[in-house]
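The following blocks contain the structures, represented as structure tokens.
In the two complexes that follow, subunit A is the common piece, with subunit B as its partner first and subunit C second.
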Partner chain A sequence: MVEAPKLENQTLSLGKDGIPLLITVALAAFLLLPVALVFLGAFLSPEFLGIASETWAAEKSGWLTFHWFGYVWNLYGEAFFFSLRLAALSVMFCLILALPAAYLLALRPFKGSRLLEEIALLPLAIPGIGLAVALIQTWTLFRGESWLILAGHLLYTLPFMLRVLLHALRSMPVKEWGWAARSLGADSRQRFLWVTLPNLRPALMLGSLLVFAISWGEFNISFLLNTPLRQTFPAALYATYTSNSFSVSSAATVIFLAGIAPVLALIQWFGGKHFTGIGQGA
Partner chain B sequence: MKPQPQTFLEVSQIGKTYGHQAAVEDFSFAFREGETTTVLGPSGSGKSTLLWMIAGLTQPDRGRILWQGEDITALPAERRGMGLVMQHYALFPHLSVLENVTFGLRVRGLDPAQRRRRGEEYLDLVRMSALANRRVQKLSGGEQQRVALARALAIQPRLLLFDEPLAALDAPLREELRGELFSILRGLRMTAIYVTHDQIEAMALGQSMVVMEKGRLAQSGTPEEIYRHPANPFVAGFLGSANLFAGEVRETESGRQLELPFGRLAVTQAALGPCWAMFRPEHLGIVSLEHADFIATLNTLIFLGSNMRLQLTIANAPGHAAATSTFLLDMPPGLALQAGQKIGLSLDSNRLHLWPRTSSTADRLPHAVA
Partner chain C sequence: MGFLGAFLLAPFITMVFSPSSPSYSHYLALWTDPYYREAIMHSLLLSFSVAVFSLCLCMVPAWLFATRDFPGKSVLRSIYALPLSFSGILVGFLMILLFGRIGLIPRLSERFLGYPLLSGLAYHGAGLWLAYLYFEIPRATLSLESALSGFDTRLPLAAKSLGAKGWQVFFWVILPNIKAPLVSTLAITFSASLGSFGVALILSRRFTLLPVEIYRQIAGFQHLESAAAMTVFLVMMALTINLTARLGWSRRESSGEVLHG
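Here is the complex of A and B:
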């Protein structure tokens, strides 16, 4: 006779699994609460929230308002596009610089290439503020120039791209593919374009998303190198928190998150699909 | 009269050194058209380096490679037109089975319809047509190797090179694929060079065979020639099982005799002096104790289906480093024998191989039972 399976273990009880579960839920709540609050602050009218000091700017009727978005957009729209351009350029330059570098380091190692690799990955270990100060001191005259901010972002994002590509190249039998392709008549251009590059595509994609996300959210370098006329969006965000109301800064935060959320989602999806252990030690 | 196969590829005094280690040294051999030549050797014997130099993937330090008399030593691999099948397949994971097979045709600029036709033809040959559109990662090891073979064949190479192609597969599959490879290579009258450390593979597939030792050619010939007449103790021990002993041929009152650690044997035509003596396990006979050349004790008896393998020991004469000598005997199953039993042995001196033993050959003992 077949006995019905017991369901005892599957029901939620505060037994041995209960406490870890509680901790997890509490932690999630702790992490999500500020985000929820920010959304409330951005979309609800101050009156509704009971913040009397800010009723001057809000629409008089209703509890839902998009007013603060317009306000932030007028003030910091340029910073938004500057950050967008910066992130896109970071991705582009990282691809151009890291692809040949990773190819060389992974597949044609030479004397001192390991040391070179360590140096290239070093910015990962230095706090952003340290990098920013070093950049300012080295390039004092150019402070506020967009290219210096871009250079700062590259300094910070290039190691991530390099790491992802190195990991990918070292985990694939690129050499063996090369031998096979050569025996089939493929020259070096065909080997790169028809074999290596297509197989690197997931890594290039993931690296680009990472670089975009890091550049988009980068604060230290942007903040120290920027001027009020040349602001990145995270620096603007900081400005809203220091000098604007809760509603304005909340709206700015929502805009900031809207820029990064799809990229983060893609990273999750893409990283889970093609990679394991990519970010370890990064 | 059978036409003599032509020399296709000639390797002349080729050499390659890595650091201070010579991987291949002064190697010369003429590979013949339409034949499979197997290159057999233990790991580190330089057989893969040799293949890589023929493929053009490793540049030799010395010597020349000639293709029908033309020097191709400096010709890059991509222009040699030689198919390569490797141990770990090296299929392109972003391409389907068919796209892998037609990769070399795409390089050659064939149009898609031609590529497809020829790709399917070769997939058919390796019995993989049904999986033409599969991703290669979804295939088993055996299937991947079939695809790799079809990919190498599809370019209609002038020479097919194999580097331990079956080494990553388990035994039953290895045997099955070996059989298929045999029919394909013979069927297409392919000229092939097949590197392996597996003596059965080397003997089964090779019309001619090269045995390598420490980067040098130890012996070449047909598998049967090499098995029957090994050139030295190393070859004897590497190809097949060998009972190998250090002995000495002496002139005595009762004629010329081979003195082995455990006894003596009359030999008529052997050269005097220290020697290596070798006989195959299947060349020992079991006789009654009173007619025996030697009397041994049966240690273990292994039933191998078609035959039985006996491991025997004989006490050595005083003065030898080891107290006993151990050797193998192969015989058809049937005799009721028991471990510990005394067994009378006879050895036909015609089956005995003797090589002069000099100090330089002292370290050449392979993994023979000695």
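Here is the complex of A and C:
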């Protein structure tokens, strides 16, 4: 595809672009303000915040408290590790499944491979709750089993990995490199291991980060597939939102954000400006 | 392939065709039962209005990010990207912090104005609407930004040199050229809102929405058939919306799209 010629971005002039800038900053404030409140709620003592109903449990002195983190950790620590394991396993299985699939679809297209690709990417267009209900209907007996939840996560994360890999493979002259390598005497295994794979590393990295981020934050599928006994961390968040206080909910949210912030930062760094496909399906 | 068969195709086939799947009467009830019909209508109305509004609103930051350079831009842009990773329940919680019974806005207004303005708004339709807007702003902005930054910036310059004013350039040069990405952004936000479950689960008190209703049928009443009927409807809607957008915007193999997942 020929890129449309693009002139350098203009520098912002406050006089001419004042109103758009104001709107942009205002919207950013709307996005950020409640997140800031979460941090206040998690670290400041309720007494300091003036929420009298919460003073029973907090230490009476000082305005800074870490009390709530301990509370959340005791209650939902298990969910934290369950989510962490789930995310790590998702990344692993996505790599195992998507790498050969993408290689096949991008470089060895066969009859119906296009259709197969569309089907594999289909979950991107289906609401998470739809997948969850379909899975429950089919695998009713296994509802609550870890492997079913993992399957749900994979269904949902695999398309992201596949998309990143397909895009990378299709935008590289893999065939030409293959010819060059073959002319130097490399067999197909060597070509894959030493030519294609190293060039795929950024895409594999980005894909893994995306998969981790999505699996970590996934709520719909895990919430419906799980039994209350074994929850993912987002389901634990839901539990704190509905039955715990502002401080506890905030602390849990901060823990959740701490899990995802480094991954997001890495995605921004790796994917740069151009990759934004990390939408969480509500 | 086997994985896809077992966990993607088979479940949907089972959902539609197995003995335990919904019969015609269940599908019919979606329309005849005013309760279900209301859930569907509310969902469509809410999602579509938020999608249109966020599309118009987010043109501004998207345009700024795509065409201007300024210090602090990457920070500002990360703020827009951050909520992409929030699940709906988190957004619902954040809205309660702003507009709940003792949310920030009511408390501030009580201190300065003497009465709690907008208290409990989060639980009303308006609060739900704002929450969905919060949910869609990042999606719409980043999707529009990638559309606008692929835009040939010589066109508006040419138009300007021919004497067109700023708004004329926008309406007659830029808009017609980004029609397809506009439609696809609309589809992304519309179908994301439509399937959004967490936001409404936390906030919806007064009226019901389609995804929440599905959840209630499963968790509360164990009516798997009606849940499945509604799910089939929801999935068909989402697929139709996405397909329509795709046809309008023939295969854009760029990595810059924002799919709702």
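In this text, the second predicted complex is superposed on the first by the 257 of 282 C-alpha atoms of A that agree within 3 Å, B and C clash if a C-alpha of one lies under 4 Å from a C-alpha of the other, contacts with A are read in each partner's own complex, and residues count from 1 in each chain.
Rule of thumb we're sticking to: contacts are C-beta pairs under 8 Å (C-beta built on N, C-alpha and C of every residue); 3 or more make two chains touch, one makes a residue touch a chain.
This one's a predicted model, so the numbers in the text were calculated from it and none came from an experiment.
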{"item": "First, second, both or neither for A:Arg108, with subunit B first and subunit C second", "value": "neither"}
{"item": "Residue contacts with subunit A in the superposition, subunit B compared against subunit C", "value": "C"}
{"item": "Which superposed partner A:Ile214 touches (first subunit B, second subunit C, both, neither)", "value": "second"}
{"item": "Which superposed partner A:Val133 touches (first subunit B, second subunit C, both, neither)", "value": "second"}
{"item": "Touched partner set for A:Tyr241, first subunit B, second subunit C, both or neither", "value": "second"}
{"item": "First, second, both or neither for A:Leu184, with subunit B first and subunit C second", "value": "first"}
{"item": "Those residues of subunit A which subunit B touches in one complex and subunit C touches in the other", "value": "none"}
{"item": "Residue ranges of subunit B in contact with subunit A within the complex", "value": "55-57, 76-84, 86, 88, 90-94, 103-104, 106-108, 148, 151-152, 155, 161"}
{"item": "Of all residues in subunit C, those that touch subunit A in their complex", "value": "1, 3-4, 6-12, 14-15, 18, 20-21, 57-58, 60-61, 63-64, 66-70, 76-90, 92-98, 102, 104, 134-135, 137-139, 142-143, 145-146, 149-154, 157, 188, 191-199, 201-202, 211, 214-215, 218-219, 224, 227-228, 231, 234-235, 238-239, 242-243, 253-261"}
{"item": "Subunit C-touching residues of subunit A, taken from the complex the two chains share", "value": "1, 3-7, 9-12, 17, 20-21, 23-25, 27-28, 30-35, 37-38, 41, 51, 97, 116, 119-120, 122-131, 133-139, 151-152, 154-156, 159-160, 163-164, 167, 170, 213-214, 217-220, 224, 234, 237-238, 241-242, 246, 249, 253, 256, 260, 264, 268, 271, 273-282"}
{"item": "Subunit B-touching residues of subunit A, taken from the complex the two chains share", "value": "173, 176-177, 179-187, 190, 194-195, 198-199, 201"}
